[in-house]
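One chain, chain A, appears in both complexes that follow, with chain B as partner in the first and chain C in the second.
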Partner chain A sequence: MNKLIFTLLLISPLIVISQTAEEKGYQIVSKAIDADRGFGSSSVDLKMVLKNKNGQVSERTLSNKTLELDEDGDKSMIIFTSPKDIKGTSTLTFTHKVGADDQWLFLPSIQRTKRISSSNKSGPFVGSEFAYEDLSSIELEKNTYKFIKQDGDLLYVEQDPVDPKSGYKKRIAVYNKAKGYRLETIKFFDRKGALLKTLTYLDYKIYKNKFWRASKFEMVNHQSKKETQLFFENYNFEVNLKESDFTEIALRRSSN
Partner chain B sequence: MNQIKKSFAEKWGHFVVKNKWTVLLFSIILALSLASQGKMEFDGDYHVFFSKSNPELEAFDALQEKYSKVDNIIMVLAPKNKNVFTKENLIAIEELTAEAWNTPYSSRVDALTNYQHTRAEGDDLYVEDLSYESENLTPEKVEEIKNIALNDPVLVHRLINEDGSVAAINITVRPPGLDSAKEIPEITKANRAMISAFEEKHSQFDVYVSGNVPLSTAFFESSQNDLALIGIMFMIVIAVTLLLTRNIFATLATLVVVMFSIMSAIGFIGLSGIKLTAPSSVFPTMILTLAVADSIHILVTLLQKFRKEGYQKNEAIIESMRLNFMPVFITSLTTVVGFLTLNFGEVPPFWHLGNITAFGMCMAFLYSTTTLPALMAIFPIWRGSKKEVLVQKTSFYTQLGQLIVTQPLRLTIISSCFILSMTFLALQNVFNDSFVDYFDETVKFRTDSDFINNNLTGIYNAEFSIGSGESGGINNPDYLEKLNSFEKWLNQQEEVIHVNSFAEVTRKINKSMHGDDESYYKVPTNRQEAAQYLLLYELSLPFGLDLNNQINVDKSETRLNVVLQNLGSKKMLEFTTRAENWLKKNTPDYMHAIGVSPTVMFAKLGFRQADGMIKGNIIALLLISLVLMIALKSFKMGAISLIPNLAPVIVGFGFWALYLGEINTGMVVVFGITLGIIVDDTVHFMSKFLRARRELNYNAKDSVIYAFETVGRALVITTIVLVAGFAVLSTSPFALNSYMARITVVIISSALVIDFILLPSILVLLHKEKSMLKKA
Partner chain C sequence: MNKFSHIVVFIFLNGIFLFAQEDIIDISKEWELSRESRYFFDTPQFENQLNYYPSFSFQPTYKFKWNEGYENFIFSIYFNLDRDKNRTYWDLREMYYQKANNNWELNIGFKKVFWGVTESSHLVDIVNQTDALKSFDGEEKLGQPMVQFSWFLSGLGSLDLFYLPYHRKRGFPGEKGRFRFNNVLDSEDIKYESGKGEFNTDFAARWKHYFGAFDIGLSYFSGNGREPFFKFDEKNNIQAYYPIIDQYGIDLQITAGALLLKFESIYRTAKEQQFLAMDAGFEFTFSNVDKNGLDVGVLAEYLYDERGDWALSGLQDDIFYGSRLAFNDSQDTSLIAGGIHDFQTSSNLFTIEASRRFKNNMFVSLEGRIFSGVSDKELFLLYFRQDSYFRISVSKYY
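On to the complex of A and B.
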């Protein structure tokens, strides 16, 4: 799910002057996509650590499966493994290049699957500082891009979400050219343009000699002073998942 | 010791007159160099009223850190057609809601239109804005929205009133708090611009604004407003000084002294890094009022010696210094001690007021005894010829004295009875620190808040953070059931306008998860179910409208907010105690919680302030009695002085019980503020009485008449100046300042009356007894 695929949708005619910056931003993101293309499918276990201003801590664990698709956005499944009360609860998401994503939640306590309002993906993910939109694969058409600056191997690209329901006005993402265009940090700016959060990717490892994956995400909310850390373990690129692993039936099955 | 002091005062006078230019130059340099350090910054944040160690503030901060901060602006929209539910009005509200997200430091906007309405459709749960893309609404849809809104307990009395004629938008802001003097005006400016643009475009609405941020703004603006009162006070000082001295140069010299004192105080503010607040911003008027009394004492004697008794100008100056140095010194000392006692209180802005004024008064003493005589030595003075007036006035005071000494016993009994009944009345006052009522009806914050209070919801609240005893325990059915009962109990209390509880969230989801079946509108009965519903609901919420302001990270505690009517501090505290006791009685230990909020903080502030100040006042009173014992060289006189020093304050609060009966935090400090003034009256009267007894060997009655003759007029004059000064302050629209000033007017006036009636009566009585005892 931390695989980010970007393509340029359209260049707003309003920003003709900075067209070269837009083209360059687009180019960088395209290269990042290309660099990460072809992993097929993967699975990973996650630990999420939530911290408030006081240092009070709370943990959740989950596992994640992703299926790479070329013609449309990725499919992914998240299964909660702790705390106990929500163990087995799982979400299934079909990301779409155009339009709202589809999302379902399976509730083991009532053995039912519920569709989630797809337009509301800007809220916090299980009380953390991550929004759902920070974690889902951000598809191409969902942003416009603008190259800002280069600092050594680091390339700064502004991403402006197209969706009016996004919680952000813009993001500034930093790509590392020397390391397969992997992401180093992202700064999130809220709707009024004030710095809201910073996401830092830490402890990168390379898999199959091609795919860079960070072992730790650190999201700091500058306004609430809360933070959330995500620890990734047991990356598996050999799971060979199929489309049939991402259906409502699979969703029910996965909870056991 | 008196002899040494006198000769010291004389030497001082000689020195100043001889080196008038040097003294003047030195004082100008001193005043200017202090003023150059001056910096006047304002801090309006309501948090300034609470010391770092204030337990209510600590509890409130702890709660805010667990969830999120709740500084807010509530904008209330009252459409002229008295119906919020029309297409045009909903479009306007949706538009303003979107615009509200642009408020600096905003983190959340709650409105009728973006309220996350939950509904079931088949097996799916929909959580979405109650009214979006309002321009496409059909009349049927508008009617549907109206029905939903007016039947939702989360909305009614919070964002919409019962009959749907008034709606609110609540903006939560989270300023970083690095510099509230900048952040709050920034928010206010943006908010005001937003509202005026809105009112221009949608003239069908009246907009009213309240909340913590407008409260802070009102504090901020009132501090600047009260600072401006200094202008009026200057005019009064000029008029009074001109009238009393009938001399333009004396007036000019007085102005220089008070200006220098205020400039020095401003320097002190800069050097100590104090930020001005509504209570402390009255310092210039205080210093001006008090400092002018020093100058007038010196000038009146000087001009009297010069005009009436044929002294040469420089001789008159030295003589005036000799006579006034000691009383002016004692007055300054007691005033400084009085103001320093404000540090015993709990409220930092009053510490600042005390310290700034105390410093200003030290400097006023310095300038009155250096710059003033130096200037008078430099300025020319002409002799006038209006002796008759003076003679007449003197005789009035003599007559008054003669009248009083004829019936000392009767007057003492009458006064004592009066003071005793005043003591009884004074104890009937109750504390009330309802912060909206700090402002009078000329302040928009007050009238807007009153409108909101009367038509939609309450301004006052109390919050409870209720624990479940374990991580994730908020989904425990037992916890939810108890929370539900607490909510129900709260709603039955007459003070309560609205309750926002997590139990309501779970009831609503439970209903929607069961196909909107009304019979499921109750808290879930299965823990896993509750947890998973909550997860689903949380995943469905949009940016900024999450539950993080109601649930802590660990899901072990929830926050419950109770909106209250304006009841006054006492009833507010009674309510929170009752609620706390209900929890103790009906829930397990881990669910016990205390009610916290700015409302509670202000409600307890008066009591805390009083506790601290009473200690400080007792110390000051004893200290000052000691000073008087030494200065008057009499233990007995020092002890007697307690009566006229204490009685005026009792009388002041007694009158207040008849006038309003409600006292606030600002009034608790009046004893410290008036102590110097009251003592001034007592000292002058007693010292003249003693002088007549010791040096002129008068009997008690004649000594009293002598005291009346010599200081009667001076006491009346200073009282008039001081009353004028505090009368100016009493016009402030800010009750912490105006109430304090009003009661000070009563206290100062009654101090004069007591010194003219009770004190001489006691002096005559006690000295009679003594001589009779000796004979026996």
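On to the complex of A and C.
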């Protein structure tokens, strides 16, 4: 019996080693996604501060609502609240695990709803250093993964986008194993493989004893020297949103 | 008009009453002040028309939100001052109470509604009267009194039903104004076919759904037409009235990656006129072409109207082409340039529009419309052939 246990102890590191870097990377990201499951719905207000290379600053504010869905990707809505000329402009997005997302744009000045293409992944979101793809919900199927290293509680995972329209060759994401696999930083590499941007997650808070949310995102573009900061306020995990809050009718109403 | 102002006061007081009962109200205020200059560089065709039209507008908007945004009261009024006295006017753009509950939403009051998918014309869009004085492209609307009931059913799309108790007349430029006929039309002189006049009860319905890449809308309208029916009398002066119409509409968009395919068509019947019109085309966007956010779109649409020369828009057998640039910068700089070419008469209209935000609360837009080679065969456009212009507008928000 003792011998058996001893043998098992001896073999177990071998089992771990036999797991490929790809499998381990996939497993870490799955765990991070699982750790964030079950929030149902949430809403949050955001302030976006854009800084150009001369240090000039401009600001936008928006609010975001998300509905978690298991069978398919999440549904979400973004409503701009400033500058005033775009106040009420809003988007409705149905994320899909496979294939293009469905997206509608509402223009309040003429009360027009437009279905828009979601194929622009690499373009900037409203002049910021965040690309559209940086802000869409994380779905396992959208990347291939490779575990790189462990440094204390920090796990480094390379993510290679599957979509050829992505602006990145790879991303290196750092997950914190001790804090519910929350993200600490992401480094983005452009199509040529050069370091493009670094995203840092700051001032984490825990909600409902389970969901880690950073109060500040900082994205630095190393090539253009531009910077965007996102400040998150008024996180609400008790909003209890329903599918009927994510329709074209609700999109029109949300702009009020 | 008296009955009309009673409706206005009734809605306003009820709105006040409804939100006065609530404890938590989120109030937002927005004042838009705009200074516009229009410069017409060609010699006027008619007496008393001018070349330079400075104008000033003011639009305060107040929004009251309660019950977590499921109830709203919206108030927005527009004032405009211009050298053309008909372009000096005010309009109640919005004043309505809104209540939503799960799958339905109810709106009562003056409101704006948009239907359709195409860019160069808005055929199916019929609920609101066009504010033809404010803009040339038909996208500016007058507030329409309505009761709107919207119902959403997962898997079956959404249904909008409209009860429209009052008709808004279209405004036309005055004696000093551009874009007028040889005789000045007084909008109050344009009468109705309906014995009830502007109080004829109009109805509208629209079903909208999407299946994957397809967005489809089917619509129906019955009542006072929004577009007057024009005739020429023996003195060759324009005569007009609002006919009773039935209009069936379809709008379809296929979103295939960066390619959007768009189609709109209407069939309208009235006592003196039955016709079909359509607008079909595409928009393709090359996104982030400079790796700095620039999107370049190309658009083209074919326009057909069975009325031929009698199409008020003049878009009876025309092609629209254009290119849209969106810089996706922090100032939202964008530009659209294009034109409309008439296959029958070879008339051309060239358009350029650009806009950009300066500072946080100032928005500047430029517009140019140039009529070129307007054929003598044109029925309506002929009156506007000297009306090419450039416009600059600076809006400030408080």
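The rule is simple: the second predicted complex is superposed on the first by the 237 of 256 C-alpha atoms of A that agree within 3 Å, B and C clash if a C-alpha of one lies under 4 Å from a C-alpha of the other, contacts with A are read in each partner's own complex, and residues count from 1 in each chain.
Convention: a contact is a pair of C-beta atoms (placed from the backbone, for glycine too) under 8 Å apart; a residue touches a chain by one contact, two chains touch by 3 or more.
Given the structure is predicted, the values throughout are model-derived calculations rather than measurements.
Q: So, does A:E233 touch the first partner chain B, the second partner chain C, both, or neither?
A: After superposing on A, A:E233 lies clear of both chain B and chain C.
Q: Of the partners chain B and chain C, which touch A:S58 in the superposed model: first, second, both, neither?
A: A:S58 contacts both chain B and chain C.
Q: Looking at A:K192, would you say it contacts chain B, chain C, both, or neither? Reply first, second, both or neither.
A: A:K192: touches chain B, not chain C.
Q: According to the stated criteria, A:I249 is in contact with first (chain B), second (chain C), both, or neither; which is it?
A: In the superposition, A:I249 touches chain C alone.
Q: Answer with first, second, both or neither: which of chain B and chain C does A:D153 touch in the superposed model?
A: In the superposition, A:D153 contacts neither chain B nor chain C.
Q: Should A:Q111 be classified as contacting the first partner (chain B), the second (chain C), both, or neither?
A: Second partner only, chain C.
Q: Once the shared chain is lined up, is A:D72 touching chain B (first), chain C (second), both, or neither of them?
A: In the superposition, A:D72 contacts neither chain B nor chain C.
Q: Check whether A:P124 is in contact with chain B, with chain C, with both or with neither, and answer first, second, both or neither.
A: In the superposed model, A:P124 contacts both chain B and chain C.
Q: If you stack the two complexes on chain A, which partner ends up touching A:T91: first (chain B), second (chain C), both, or neither?
A: first
Q: Based on the A-chain superposition described above, do chain B and chain C contact any of the same residues on chain A, and if so which?
A: 50, 52, 58, 83-86, 110, 112-117, 119-120, 122-124, 126-127, 167, 224
Q: So in the complex, the part of chain A that touches chain C is made up of which residues?
A: 50, 52, 58-59, 82-87, 100, 102, 110-117, 119-120, 122-124, 126-128, 167, 224, 239, 242-244, 247-250, 253-254, 256
Q: Under the definition above, what is the set of chain B residues touching chain A in their complex?
A: Against chain A, chain B makes touches at 62, 65-66, 68, 101-107, 123-128, 174, 176, 471-472, 475, 513, 526-533, 535-536, 538-548, 551-555.
Q: Which part of chain A faces chain B closely enough to touch in the complex?
A: Residues 50-54, 56-58, 80, 83-86, 89, 91, 103, 105, 107-110, 112-117, 119-120, 122-127, 131-132, 165-167, 191-192, 194, 223-224, 226 of chain A touch chain B in their complex.
Q: Which part of chain C faces chain A closely enough to touch in the complex?
A: Per the touch definition, chain C meets chain A at residues 30, 32, 63, 65, 68-69, 72, 74, 98, 100, 102-103, 105, 112-114, 117, 139-141, 150, 152, 154, 158, 208, 210, 215, 253, 255, 257-260, 285, 287-288, 291-293, 295, 328-332, 357, 360-361, 363, 395, 397-398.
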